[in-house]
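So, here's a batch of structures to check.
Heads up, the next two complexes both have chain A, just with different partners, chain B and then chain C.
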Partner chain A sequence: MTIAVPAQIAERRSLKIDFTWPVLITFALLLCVLVILPVTWLVIYSLSSVDEVTKAREFTLAHFANLFTDPEFVNPLITTLVVAVSSSTACCVIAAPMGWLVARTDLPYTRAIRALVTASFVTPPFLGAIAWEILAAPNSGLLNQLYRFVTGAEQGEYLFNIYSLPGLIFVIACYTFPYIFVLIANALDRIPGDLEDASAILGGKTWTTAWKVTIPLALPALLAGVLIAFLQAMILFGSPAILALPAGFHTMTTKIWSLFQYPPKPELAAAASLPLLVVTVLLLRGQAMILGRKGYSIVGGKGADPRLIKLGWFVVPAMGFVAIVLMMPVFLPYFALFNAAFSPIATTLLTPLNFTLHNLHFTFFELSSTQVALKNTFILGSLAATLGTVLALVISYITAREAVTGHRFLGFLATAPIAIPGIVLGVGLFLSYTRPPFVLYGTLWILLIAYITIELPAAYQQLQSAFRAVHSELEDASRILGATRLRTLRDVTAPLLRTSVIATWCFIFVSVIRELSAAIMLFTSETKVVSVLIFDLKESGDLGAIAVLGLSMLLLTFTVVILMNRIPGFGGTRLRNT
Partner chain B sequence: MRDIKITRRGVLKGATALTAVTVFAEPIRAQAPAAAAITPELIAAAKKEGKLSFYTAMDLAFANRIGKTFQDKYGIAVRVERSGAERVFTRIGQEYTSNIRAVDVANTADAAHCIVWTKNGWLEPYMPEEVAKHYDKAYYDPNGLYITTRILVSPIAYNTNLVKKEDAPKSFKDLLDPKWSGKLVKAHPSYSGTIMNATFQIARDIGWSYFEQLAKQKVMQVQSATDTPKKIQLGERAVMVDGAGYLVIRYKEEGAPLEIVYPEEGTPLAQGPSVLFKAAPNPNAGKLFQNWMHTREAQQFLVDWARQYSAHGQTVEKPSVRPLRAIKLMKEDPEGVYKSADDIKKRYSAIFKV
Partner chain C sequence: MASVELRGLTKRYGSLAVVDNVSMRIEHGTLVCLLGPSGCGKTTTLRLIAGFVEPSEGEIRVGDRVVSTPERSLPPERRNMSMIFQSYALWPHMTVTENIVYGLKLRKLDAATIKQKLGAILATARLEALAGRYPGELSGGQQQRVALARALIVEPETLLLDEPLSNLDANLREEMRFEVRRLHDEYRYTTVYVTHDQSEAMTTADVIAVMNHGKIEQAGSPEDIYDRPRSEFVARFIGMSNVLRGKTLDSTHVSLAGAPLKVTGEPLKTGGDTAVSIRQHQIQILSSKPADQANVVPATVVRQVFLGSSRDYMVEAADGTQLRVVTPASDNVAPGSSIWLHLPADRCRALAG
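Right, the complex of A and B next:
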């Protein structure tokens, strides 16, 4: 045996070419193009203008001067900061106690609660915003109608006005709180029971232990969650476009978008995009610094299961709190959409008498854009999920195994897009791919590139941590037996990572379906996706068709996620709240 | 203002400066194209292409209905791309500058767009037979570059559950009364062509100060002229400042508690011309559609179903729709809109903050 094996290796080596290096170089180049190209064009445009006579591009700081002095831009900038700070604070106040209740107490139905949080995560925020219009528009909103019915208040009086700054903050918080919840719940899941036991042995009561041990250990995760919630609120396009514009104010994202209306001002749009980019980079640095200290939370090694705090009678208010929180992003909006889909008028309460299939028929048999949009969305979702997963898999393999020199740079490139808000990337890609050598505008490719770029960081981070969990000995064995890196990856590593790969695939698919801010900059009439179609319909107020499309979209999302997790041998474990 | 209250034809003859503009834009006028009938050859060639894309600012339901009707008749699939006229204009511009030739036929609600497209040399001359025969010359370009498919008015309207008839506004100026604060909904000139023209005409006839005062009334700002009728139908706001009059009539006839008001100062007017693009990917299907859309059959459908005004001389008016000749209209001026559109968008967003 010992003689035969080297002989076999020698034989194989002579026959096979190792594709490792070409593949690695290709991927590195690909990443450079994906990330560096759009950002470069953004910077160039923001710092230049076209001379009207010579048609040459000339250096100027005028756009930035304009940006920081003209109230037309300063006001949206301030509004954006107010929205981001308030909604992330609100998220924190709600999601942190809820995460703690679910992970650390004997609260019942925690699986269902986690599933419902996942549902609010996969619900596109713009769809939620439209549903909240149906619920809480001051005069026609269902909740305000109920309020007037119950209290007998005059026509014109209302309880909620969704077309307002607080309304916008509320709706954004509804769909960003899952980020904080998940981070907190997962962090609390991981805190070993020993530390709490120690506290208890030393005489600490339940609440003392929670206050002095558990909560401090979860603090880094909380801060990280707040930062992500802040970023999400800052870069969201759909919700402000739907709720802020009718109320007469802009946020930065809607302003950038409006700069692309005729006559387009790409230079100003590029300049307006850069502050978002800078703030994002700074915040992520901050997050990295905070999370860099998290090491102490797992000192206990493989510890005992976390100790669940007994809630006693407190379970009633706790359950009530959780139920109310989940009403906001899930139950109430889904009800509103269902009502709008089957009632003749969106804000008329559905009864067996007025039930109609008109909207369903119109959306699927008359509205000619439906089919194209559904097809495009499905193609782009599956392609982006597949290619994105492969890309993330290869890069995380390279970085986790330190396979090539310069792997750190690859890792950096794969994470960098996290700092690029969707609408900014949209502007950058528009500037990059409407000119030679890559004229991709008008094709599905430009959207595919956008989606892959946007989702790469999350996919990469998920798979990288999965790789770290698989010991390299198994791969070494395969390499010693003569397999190339690629073959090892395919035959040994990939099967071990199956669960994570599926989770990543689902994550990208779902994220693509709910993406609007990049797509709104990049679509053409033939490459429209469902999210853009819904936004179009929103502008002409066709709520019935929106509700039908929105519900179909949710159905598609849930079906794919559930199927991928149920196919035998394809995963088995459920998709966690990621 | 000399055009007010004369015949329907006369109104639009004076109201459109389009014909004059074309002469001005193309000093060397090409031979006017011969009137084309819907021939079996055209149908066969169109069927061979099998599909067509129609960019339009018509309201969503009607745009898809007219596409479906054509599809049922000729077996040619119509992809309807609906948005506000200003958005449609932006989209076509963006696509053409990126060398994307996707649009076959476009229908706008802002005649100024035809001036730009003509100057760019993007339009295909084509003269459907019935247009040459039955349309007044005010409604089409003699070179066959554009034809008025529909005529739109942008009146005031209100929800009768929320406003009593005697309290209803009678003029634009009435809407400045503090009692309407927080009760108004208005569409946007950067989105809608009808509203672009309405804004131009109101600013010209009443003055920009009108909008400055109106902006203090906590106006709900939506985008589409087809959305304001929906907002008052829902009862979300009591009064629409501007928007598609035809939708108000349609919803009213479906039982919605709506009433239309033709303001004392005059009702803004906008023509909705259609064009065929030179670089159309489906030129024959495009011709067939442009031809069919202006036949009496399609135009009567427009009058009966959509409650819009037709420029076809043989269409029969719908009794429930007040004829144009009985409405005091503002004067349309596409050339003026063409010259000041960018300025209007800028001033408007400075006043209304969005």
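Right, the complex of A and C next:
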């Protein structure tokens, strides 16, 4: 078959320019700036100080020495550790049995229970913390008032004090337990029923099977969930700022924030941020390792539907347990917020007689900063959602189709921000953009950059799995018929990804609205957003306005989340807590 | 004129050569089948020709243009080829019409021409009634025809088919084989067809190239490949063959199943072993000892299965060699009976290697 034919006419390069490469390279560079720049400045600042005389930066380890010896920093470090360990333990104790009840037993109303857990998932933790203030502040708290009313105790006596370490741990646990619940429930949902049937046919009774087969199989998910809960508790800013500061103690996040209050100490803040960054990276790696162990947590093959365990009379205590758990993050706080929004004084019980729309009117028409904050939030939300989606779309295309050498690195960069806690990113961005050539501090741009960076990983992961679902032959078919890469992207890939793109857009929009910890580091009076406004109003004690803003925020969030769940083929919202 | 020529084409992933020094010239207007088991490199060869993959070594020429070298590879969109994919790759968000005319739109043809070409291809592929449907609303065979129409309407120089029938049920597959051949005869493109199904290759191809481990084992007309296999792999892969090994006696005889058999095929080298293949249905079973003892081996029936149109025998020669034989259903010999096998000399093919 081999016949040599002398044919030496070389193909001449066409003059048509293919824009594919420049576009790809631009996006890669953009990603580098977004992720690498703030982290680099963070490291530089933490390892240097400005010489008083020469004004030059000099290398020093003093900040880190300071961090690990000065009680001013060691105490918050210990507090953070205590808070993270105890709240993740508490979450685990509550969420694991609850996940099992919902996924594996004949407990009624499981859809409603899952929906309520989602509700606590999407509630911004700082809003929950404020709601719990209304409920359990020592004097004015509604629950303490009830306690005094029922027992006839003296004024000044109280049952709960939310301004305390246990109070903080409790509130944090309220809003991190969904992480464990979701992981556990999903893992249990996925365990094929025949694994349990196999145990049953060999003589294992219902409870033996549950104990020997089901629970061990779900263990990796539980472990991964605990790590995430630990992580969330560690990097949370809102709840400790609201509950720990009045109680007179700091966690690492509030300490970092206070280092930016006058006089600012950016070097120390950078040094204090790095341990959070390192621990986050380690925890996420640990989680990936646990969940990635094939053949153990990921159970393959076609399986029979799981058989649900019959609870019998046990359904009553089980239901009671679930109800009490859901009271804490959802029913009670929402009630407190409603109460505060529509009664003249937040801590007075709402009755038909004292019902008022004054707070509503005050918040939206009298409070001057509301309009600005709403406008800013809306602009930032839509811009971040649009730009973030485009960025995530291009990067996930590159990585899913392996279009460029080095696509793995791009994928890594796009997911890297997941390991940067919001407050740490805030510090890094502050350091990066208060100097030439990029002086962005005080503008909306810096907040936009922060939001895009924070939301990129989740958006990227969603779109990448969407890309994977689009068979690459669909794109090949377009190219062999004569379309360039970009043309193919426009004609074939984009329309097929439409629903995922819309879902990602909504997801970023909602997440931006509720973001606090990066915004708190980067806002100025002109660039306030709603979450920062709520935090500010808290300082002035205006709970009515907070409740109104908080409820509007929740209303918007739930509307978008419900809309997203209506879009076919899009399940599971992963919101990042602030 | 667009012949396709592969010269020393090699594709390595790491140290593994998926396509290993493949050279082949496909003349204009011929239909070549790349036939082989999964993992033999046939699909990679096709994707190399299409330009989705760049070669590690060697080159590909279309006509007198060099389209692929390790240094420079023309992107698929500029090769004037068409391809039909295993998954059909119909765009689910476009109607049948939109799918089909996509390539013409890219070529910026005017609306009147597009309309005229569309009408013609819809008629050829018998798709007129389905023009407004979405791919999700079509059956497998209809989707297949849309994929064909979409690939053919752009009048490519070269048409590539990647296991286009493997997702169809058996009846439809048989029908579509002839459809592919009919369309090829009508348009006379240079066609490269990848399949693992030998009967598909037999019905459609002018030339079959049997691939194994990234190399072309043998290329030739279907008759060539079937009647004159050159290697054990080809003999086993195409049709059902018994492959026996025995000592080479002289330039025409090999000692097989305890008897000296006259063979044809590859030249024999004395002093070693030779592999010889013979098709299962080319062996005759004789119930009495024949007068002419040339190429006859005595044997015993081990088992037999009635298959309706034929019988499938397992027989054992005196030296323990087992052979499978397919006979007409009327040749009924009970297990345990003594028989004589006639292995015609022109059917005993000596194999290379």
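What to note about this one:
The rule we apply is simple: the second predicted complex is superposed on the first by the 511 of 578 C-alpha atoms of A that agree within 3 Å, B and C clash if a C-alpha of one lies under 4 Å from a C-alpha of the other, contacts with A are read in each partner's own complex, and residues count from 1 in each chain.
Please note the rule applied: a contact is a pair of C-beta atoms (placed from the backbone, for glycine too) under 8 Å apart; a residue touches a chain by one contact, two chains touch by 3 or more.
Bear in mind the structure is a predicted one, so any value in this text is a computation, not a measurement.
Looking at the shared chain after the overlay, A:L277 reaches neither chain B nor chain C.
Within the superposed three-chain model, A:D491 lies in touch with chain C and out of touch with chain B [touch as defined at top]. Of the two partner chains, neither chain B nor chain C is touched by A:M98. In the superposed model, A:E473 makes contact with chain C only, not with chain B.
In the superposed model, A:V372 lies in contact with chain B only, and not with chain C. When chain B and chain C are set side by side, the one touching more residues of chain A is B.
By the touch criterion defined above, A:A483 reaches chain C but does not reach chain B. Note for the complex: chain A touches chain C at residues 1-5, 7, 9-11, 14, 18, 471, 473-474, 476-484, 487, 491-492, 495-496. Those residues of chain B lying in contact with chain A across their complex are 53, 55, 59-61, 64-65, 67-68, 77-84, 86-87, 89-91, 93-95, 97-100, 102-103, 162, 182-183, 190-191, 219-224, 226-227, 230-231, 233-237, 342, 345, 349-350, 352-354. Those residues of chain A that touch chain B in the shared complex are 72, 137-140, 155-156, 163, 244-250, 258, 261-264, 345-347, 362, 366-369, 372, 434, 439, 441-442, 524-526, 536-537, 539-543, 545. Residues 5, 7, 23-25, 50-52, 61, 63-67, 72, 74-83, 85-87, 89-93, 102-103, 106-107, 150-151, 154, 160, 209, 216, 219 of chain C are the ones that touch chain A when the two sit in their complex.
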